[in-house]
Every structure is written in structure tokens, then in C-alpha cells.
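A, B, C and D are the chain letters, set down in written order, and residue numbers restart from 1 in every chain.
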Amino acid sequence: MSKTDNHTYRLIIHCPDKVGIVAAVSQFIADHSGWLLESSYHADPDSDWFFMRNEIRASSLSLSLDEFRSQFAALAINYDMRWAIYDSMQPQRVVLLASHASHCLADLLHRWHSGELDCKIPCVISNHENLRSMVEWHDIPFKYVPVNPHNKAPAFAEMEAIIDSYHADTVVLARYMQIIPPEMCAKYKDRMINIHHSFLPSFIGANPYSKAYERGVKLVGATSHYVTGDLDEGPIIDQDVVRVGHSHSEEDLVRLGRDVEKLVLARALRNHLENRVIVHGHKTVVFE
Amino acid sequence: MSKTDNHTYRLIIHCPDKVGIVAAVSQFIADHSGWLLESSYHADPDSDWFFMRNEIRASSLSLSLDEFRSQFAALAINYDMRWAIYDSMQPQRVVLLASHASHCLADLLHRWHSGELDCKIPCVISNHENLRSMVEWHDIPFKYVPVNPHNKAPAFAEMEAIIDSYHADTVVLARYMQIIPPEMCAKYKDRMINIHHSFLPSFIGANPYSKAYERGVKLVGATSHYVTGDLDEGPIIDQDVVRVGHSHSEEDLVRLGRDVEKLVLARALRNHLENRVIVHGHKTVVFE
Amino acid sequence: MSKTDNHTYRLIIHCPDKVGIVAAVSQFIADHSGWLLESSYHADPDSDWFFMRNEIRASSLSLSLDEFRSQFAALAINYDMRWAIYDSMQPQRVVLLASHASHCLADLLHRWHSGELDCKIPCVISNHENLRSMVEWHDIPFKYVPVNPHNKAPAFAEMEAIIDSYHADTVVLARYMQIIPPEMCAKYKDRMINIHHSFLPSFIGANPYSKAYERGVKLVGATSHYVTGDLDEGPIIDQDVVRVGHSHSEEDLVRLGRDVEKLVLARALRNHLENRVIVHGHKTVVFE
Amino acid sequence: MSKTDNHTYRLIIHCPDKVGIVAAVSQFIADHSGWLLESSYHADPDSDWFFMRNEIRASSLSLSLDEFRSQFAALAINYDMRWAIYDSMQPQRVVLLASHASHCLADLLHRWHSGELDCKIPCVISNHENLRSMVEWHDIPFKYVPVNPHNKAPAFAEMEAIIDSYHADTVVLARYMQIIPPEMCAKYKDRMINIHHSFLPSFIGANPYSKAYERGVKLVGATSHYVTGDLDEGPIIDQDVVRVGHSHSEEDLVRLGRDVEKLVLARALRNHLENRVIVHGHKTVVFE
């Protein structure tokens, strides 16, 4: 990307595949002097579905974002497009949910604080108090929402109210260990990201490192995915693994896994924030 | 390992853990002038079980292998040891089983032919004829044993007879796609090695690449394990993965996976042949 | 890619970057009913240079390849394009050069033989006789061209004559250990591929594993690159590494490195054969 | 390691290789009821040098650490051993040096704060003020020692005085960008650890990511090593790499490299703190 001009628009499209889509879209962009910094596409042969991401230098366009939207709509309708255009100068508002474990939260906060992660973090919500000081050092509000194990609904209602009060675009479960109720999954569909501490679909559910240790696997991993009502079955954004061996205890697996969790969640969130991830059914297209 | 003197003995021990085992074993070796080229231990804290592998320069020992065996037996009994000593000049006899796919077989044969894999391959058995010429070019007998899908027992009986006629130490399923009967699994316990084309325990059973493609995983893998009566549940020797993405078709997953399968099977077999793998319950200790 | 229709044309373009190239090219393709199976772009911000690769289903096009060429030429001149269109049904002719070591050659021959590598191999040239039988088993002519260390020119002249007699599109140095004369590098510019047994630019020149062992590195690697007159300085196509440690001897590094060499060379060649690699100065664009 | 009893002694030995060392050492340990939790060794065939690390459960030993030391000394002298025994309850004092970049420092501080890194951090020294608040949030003194580019000696003298006032066992250059004077390298030999932001020996010296970008490599890496008077030539403790491609800018290389730097430095420091690293000439033995 240009070093002197980082302001871009990201045009994201998906629709039934047919001849001429690329021509139509790129002609529209060129007709308005749009300079393409990146352009990616994918055609899924199973569903005959087309996906496209264009990153356009904002200053090159001869029309405003609103004008772009209204004029492009006419074209989009011809191709039955699902589409959106995002302004890189309008970073997303991301609410982070955490439990007791600090590693993913600390990692994301540091990336954000050092300018690597381009978003706003209006607040962090946790069902434990132990990370308050770390969060507040970053000048981010810390919301303590304890979860009553015998009646969880009030806590989730409170969390939802907080998330909505900040107009969050995205919710990240940074090792938040509670199962999210189905209605909440549905409400934040394709914009609630979880990190699961196993290489899915291995070891779905609780205690994956314990299961991995018991099974004697030679790699442990982590999976970042969009949250759906089916536990650990949501569309996968990213995964990675680390090598382990017989000399590693279950605690070692947990420790080594933490580094993979941090990295996989950060990569997934970055791609999500740059509008590089498109959900299609229960799978994702990730334009890296 | 010494470049000028590759003849070694490998002393493999496992037994209940207690103080003094290493001292007793290493004193025994030292008392007979044994020069240790490698020595590895592991203590499993869950089962309080001890594992040891010593690689001794053969020429340094002041007693013969037979004398070693009879004298060490007296020591071993005190510690309730399961033990064996192997002579590196007596390479194992390895029978390879293959089906139609050639990649693992070709890889193992080339490693063997170029001297990288230290074993004898007395024959290759297959339920297809297509790889005969490749095998025979290596001057290895090719045994065609077709499997009647409605009555598989005669084929397995014939395979067992062939394997035993060659006094095979180890059997390798180099993408042999038939399920091995339980009695045969039991007979070759801890010496029949399979390569499964997924990162176990993900995608157990048939068509793992198809399942991986459907699930939208971002890594596909392969697992080498000892064969047991429980399908794909045997002790894992090695695993590895390769990164895939939305642009890869199911055929691409199969293609990329082949390279992982070859590598994982070759590594596992090499470690097995060098007596680096000890099975403990449904897990392995691998002294790499 | 479609499973039922693998016949494609690959349109490769690079030129000075400006607004409208994608539109012009994709409009041209759409105007002739071309169905895009893949399309990739890259804009290099340092040189303001644009790169594009389009893979078009052949059967969808309403004009012949010759008609495409003549009509596209008119468009191409407007953008000062360097361009070519390749027919997937016209696989390249690839001459392999080998020395004594067999691993890369055996790997490429197996991939070719099993249909994974889409090319013709009209002959293999070697300065040793030891691989003749392996090559001839594949029904490929083996040309023995010994190199007189005191007068190498005649051997290279003979090799060049052989390569040209087969109208080779690409030459692969599959661990061919002789330094190629500058004129020959120039003649096969951007179509002669070498595998260097180190992670370049570490350990340029002879005996890289020995140097790696001496330095005590914790990873060893391999690099595939186009050959130029500057030894080991050509444009890099692919690289990879494998972890090593203090317990590995120099021989172990050589052995572990072989697997990396095979994989890196095979990946690089595959991308080259699918017209996915564009050389730009001393770097490459690889549309994977 | 035992979950209920983490107090261990680590006996580290290296000496000329000869028959009987393992027996003598393990007999000594057994004679005093020492329970081995881990034992590793390595014999270097080039220098005929022997290396050993034993981790002994402290509570099992029938003698005190002082008694162990005085009695073991008698044995050690027979084998010309360089040796030491470390108490896991006496964590090392580690002084961190940083410059402007925060990623390695933040990563190490979080690992320390969450209990993953077993050491004391008596202070952080930096030639910039920007990280003061982050350090002080961890209740660690922050020492600002600016470096006058025209006369660096006073700054290094001040740093040395600070380091020594805290009786530091180990000094870590967490992306401290100044070249350390030779006398200081000599003073902290084998206990001053640097992270270099390239896969050494590629791209020695300044601006390695810029050089990597110019060269068009397909992997970038990081190297942790002990600091010596020869710039970037010290004994390597750990290295790793990450895949990059033509679409990555130099800034992307810097960003992706940061994650490798953090991980490699943290792994190296952990192994150093657990007395798993032995320097031998310009190489290391790392008992992982």
C-alpha cells in the first residue's frame, strides 16, 4: 500500500458468478478514476458464487463515498450483488470479552496500543476483575459483568446492552470462557470472533489441551472462527499449530498453545478489520 | 554419530520409575567399556513410568551382544524392566502394503534405494497391479493380493502368510486403503504403521480431505500411527500439516496433503527403524 | 478449477501501472464471453508497475487463441504491456539437469509420472551415469554429458545443443552441481530454475550445509531461483526451512535438507509451469 | 515435571568425553536418593566434548545444596568438568534493555507478569522515555540512559553500573538498537542475549527487513543469540521464520517479523533461564 496515502475504500462484493462481473466492477471504478491498490477475487465452483475485494485509493476517486454508493447500487442490482464499501478512515469499534486468562487480551491491547491493529476499543467486558488494571492502563473502560452459573441470562442481557451502547461493529471473545446464548450468536452473526484452543474440528468443547494430552497428539493448535449457535462449528477464519512431544506435560501444552492462540486471533481479527473475510455458508473466503 | 564407526547397539528400556535406574544402567554399560553415542530418558509423571534409549558404539563394548543380553538380564529383573537391545547391523525387514496411490510407496522406495532408510524390504504387497513395474525396478518382489469386497478374509490370510514367510519385523501401510482385521492388528501390535491422511483426531475414517474441504479448515495434515483394532485410534508417532485456503479445491487438498503424508510416514518409519519409538498405552515416546 | 473442463488459457500481463488496466482487460475478456476461473493482480508501489494473471476457461471464449492474440495486441499497445497468453493444453517442454544426487530428480520424475506435474520431459542430462536406469525406466532419454574440469566449454556447448534440439521451454537444475556459464544463463533467462541448498542469501556458493553446521544455525533451508550470471543471486521463486539442533550432525543437515530441497523445487516448478511466476528486476511476483 | 513439587536442582556439566561419565554422575545422584525429573546429554563428535543436564527433585536429595556442591566437586575434578548446580527457587535477575520499539519488551513483561517467565526483573534500561509508563505499570524501575551519538562511553558506563548494582545474572537486549562495546560484551559473556531481526547469517547489521525486501526473499526471520564482540556472530540460541510474498511491503515485513522476534526471544530466554543452554565455542547446545 502507498506509504504516503493510506486512505482507502474497500469494496466488498459477492454474488452469483457469471461472465462480466469483473469487467463491470472495474469499469465502474475506472470510470470514476479509481486507483486500485489491491484487487482479489475468488469463484467458488461448488456453489457458482463469486467473491471480490477491491481496495481503492480514496483520493483518486472523482466521486464521494455517498455518490459511489448510490451510483454503484444501480450496477449491483443487475448482478444480484451483496456488497458494501468501507472507509479505512472509519475504523471499527471492537468490544473485547475476556475471562481470567490474560494472554490474548494483553496481546490484542498491545497491538492496538502500538498502532498495529486499526480499530477503536470502546470497552473490555469480563466476568472477572483481575484484568481491570491492565485494561484501564490503556485508558479503556473495563466493565465487570459476573455470570451467575445458575442464571446466566441477566449477565448476557447486560453484556448485550453494553455492546450495543458502544455501537460495536465487532465482538471478540479473547478467551472468554462462557458459552454464548444462541440469540446473541444470531444477533452478532459474522461479526463475533472466537479463539478456540484446539485445531478444530479436533477436541470440540471444554478442556481441549487435556484431551490433546490424553490422545498423545504431536501438534497442538488454535482456531479462530465466527461464533454460531453450534459450539465450535462456526466458519473458520484462521488456524495454526505448534509441535509438541512426549516430554511436554499438559501444562506445557497450555503454555505453548497460548502463543498460537494469540497469533491466530490477532491475524484473524486483523483480516476481519481490513474487510478481508467474507463468510459463505459455514466457510470463509479470506483475501490475504 | 561417528562418521567412521556406524556400528551401534541400541538398548531400549522401560519400567516403573524409581531412583537409581539411570545409574544402574549406565554403570553396567561403563563397566563393559561401552561408549555412549546417544542417551535419552523420559519419566512419565502420570503413570510413574520410566523410558530410556542408549546408543552404544559396538566396537567399544568388551562383551558380545549375547553376553550383554545374558548379563543385563540379571540387572533388568531387579527393576522389572521391559527391555531389548538391537544391533544396527541387523536392519529390520519391512513389508510395504500399498493400494493404487503411488506417492508414499515411491517415496519410501527412493529413500531405501538411496540408502537413507536403513532396512530390508523383502516384498511389497498390493491389491492393485499398477505399481508392479515401479517395485520390480527396485529388485523387490511384488505380490498382488486382490481383495474380494464380499469376502476379504482369504486376502488377509494370504497377506499374513506372505508377511510371515519373509519374517517381517515391521509392516507399513503406505496408503493401503483396506481396514485391517482386528486379529491381524493384534498380531502385529506396535510394529504395523499406518499413514492416515488427516490430522487426527480430526476426520477419522474415509475421505478425510473431502471432510476437511467441507469444513473449511485452513490447514490439512497427516498422521502416522501404529495400527490397532480401533480405526485411526492407535498410538500416534508423528503428525504434520500444510496451510490451505479458500482458493484450494478438494483436489488441491489431496495434492498438498500427499507431500505431508510422504514426509510424516518417512519420519515415523525412520524413528521406528532406529528404535526411537516406545509405545506406552495409547501414546508414544519418540526419542528424536 | 472446474473438474470437468480443465482446458484454460492463461493471460499474463505486466506494464506501467495506471487507472483502467483491469477494466480494459476484463472488459476485453467479457466481450468475448471469457469465463474467468482465476484472476490475480499486483501493483508494485516502488516501481509503479502492474502485474496480472487471468485464467480463462478455453471453451467459454468466442474467439480462437490466434484471434485473441491479434485482437488483444491492439489493446496491449495502449498500455505498453508485456504480455503473453498460454494454452494449458500445450504443456511446456522441460529438460532436467542432474548430477550424482538423485533426490530432486526422483521427486520430479515421480510427480511427472503420476500426473501431478503438467509438462513434457524430453530428456534428462547428467554429468554422471548413475541415474541412467532410473530415468530410462520412465521412458525418458538420458544424455550423459561429462564435464572436463579443465575445459568445460565443450560440455556446455553439447548441453545447449541438446536442450535446443528438444525446443525446451524450461531448464531445471535438479541439484546439477556445475556453475552455468554466463552466456548460457543469459540465453535461458527467466526459464532456467535452480535449487540452492541453503536459505539464501545465507551460505552462498559451495558446501552450504557444512557452513550451516559450522555456524550452528537452528534452521536449514533451500531456495529455488532463476539462474543468472551472479551466482545464487537470481530472482527467488520459493524458499523453505526445517528445524535442526545440536544433536544433528552435518550429515543429518544434508538429509533433512533434501526434503526441503525437493519440496521447494517442486513447488517453484509447478508455479512456473502454470505461468504463475513473473520476474520483475531481481525479484518475482508469484500468483499462488 | 511434577505438578505438586516444582522445586528442583539443575546440574549442568560439560567436559571432555570419555567412558563412564554418565555412570559416575548418575551414581552420585542416586547415592544421595536424587530423583531425576529430566536428564539430557549430548556428545559432540567434532570436539569430543560431553554435555549433560540433570533436573533433580530437590526434596528427594538426602544432602543440602552446599553439601552437594562440595561432595560433587571431588568427582568433577576427575573428569575435568565445567559444572554448576542451580536452584529453581533462586530465579535469575534479568535486566532488560530496550529502545523505542515496544513489542519484545511488552511480550517479555507480560510473560513475566503472568508467571510464565521464571525470573526477577530488577529494572528496565532504555535510551528513550516512551516505554516508561508501560514498565512502571509492572512495578519495575525504569532507568532512562540516553546515548550521546558522539560520545557513547558514558552511557554504557552508566548502564554497566546499573546492571551491576542489581547483581544481574542475565542481560536481555529486547530490540535495544545500540552496538554494545566489546568490553561490555566480554564482561557479560554467555549471559547477554540479543534478538536480531533477521534469519542470521542473512542480513547482518542494520536494516535487515529493508535488505530482505530488496532481495525478494520468501521468508523473513529472527535470531536470538548471545552477544559477542563480533556483530551478529554470537552463538545462536534460537531462530524462526515467517512466510512473506510479493504483496508484502517492507512495512509488512517489519510487522510480520515482530511476531517472530517476540517468540524467538521469549523461547531463547526461557531456555536460558532454565539452564538449558550451554555455549560451546561459537555454537550452543540447547536441551529442550
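Structural remarks
Throughout what follows, a residue touches a chain if its C-beta (ideal position, glycine included) is under 8 Å from a C-beta of that chain, and two chains touch if they have at least 3 such contacts.
Values in this document were obtained by computation on a predicted structure and should not be read as measured data.
Listed here as common contacts of subunit A and subunit C: B, D. On a Cα centroid basis, the chain most remote from subunit A in this structure is B. Look at where the CA atoms of subunit B average out and do the same for subunit D: the two points lie 36 Å apart. With centres taken as mean Cα positions, subunit B sits 41 Å from subunit A. Residue positions of subunit D touching 2 or more other chains: 1, 3, 38, 45, 247, 249.
Taken as a contact graph, with one node per protein chain and an edge wherever two chains touch, the assembly is complete, since every chain touches every other chain. Those residues of subunit B whose C-beta lies close enough to touch subunit A in the complex are 42, 44-45, 199-203, 215-219, 221, 235-241, 245-247, 249, 282-286, 288. Subunit C makes touch with subunit B in their complex at residues 1, 3, 38, 102-103, 106-107, 110, 114, 116, 133-134, 137, 247, 249, 251, 255, 258-259, 263, 266. Put simply, subunit D touches subunit B in their complex at residues 1-3, 19-20, 22-24, 26-27, 29-31, 33-41, 43, 45, 60.
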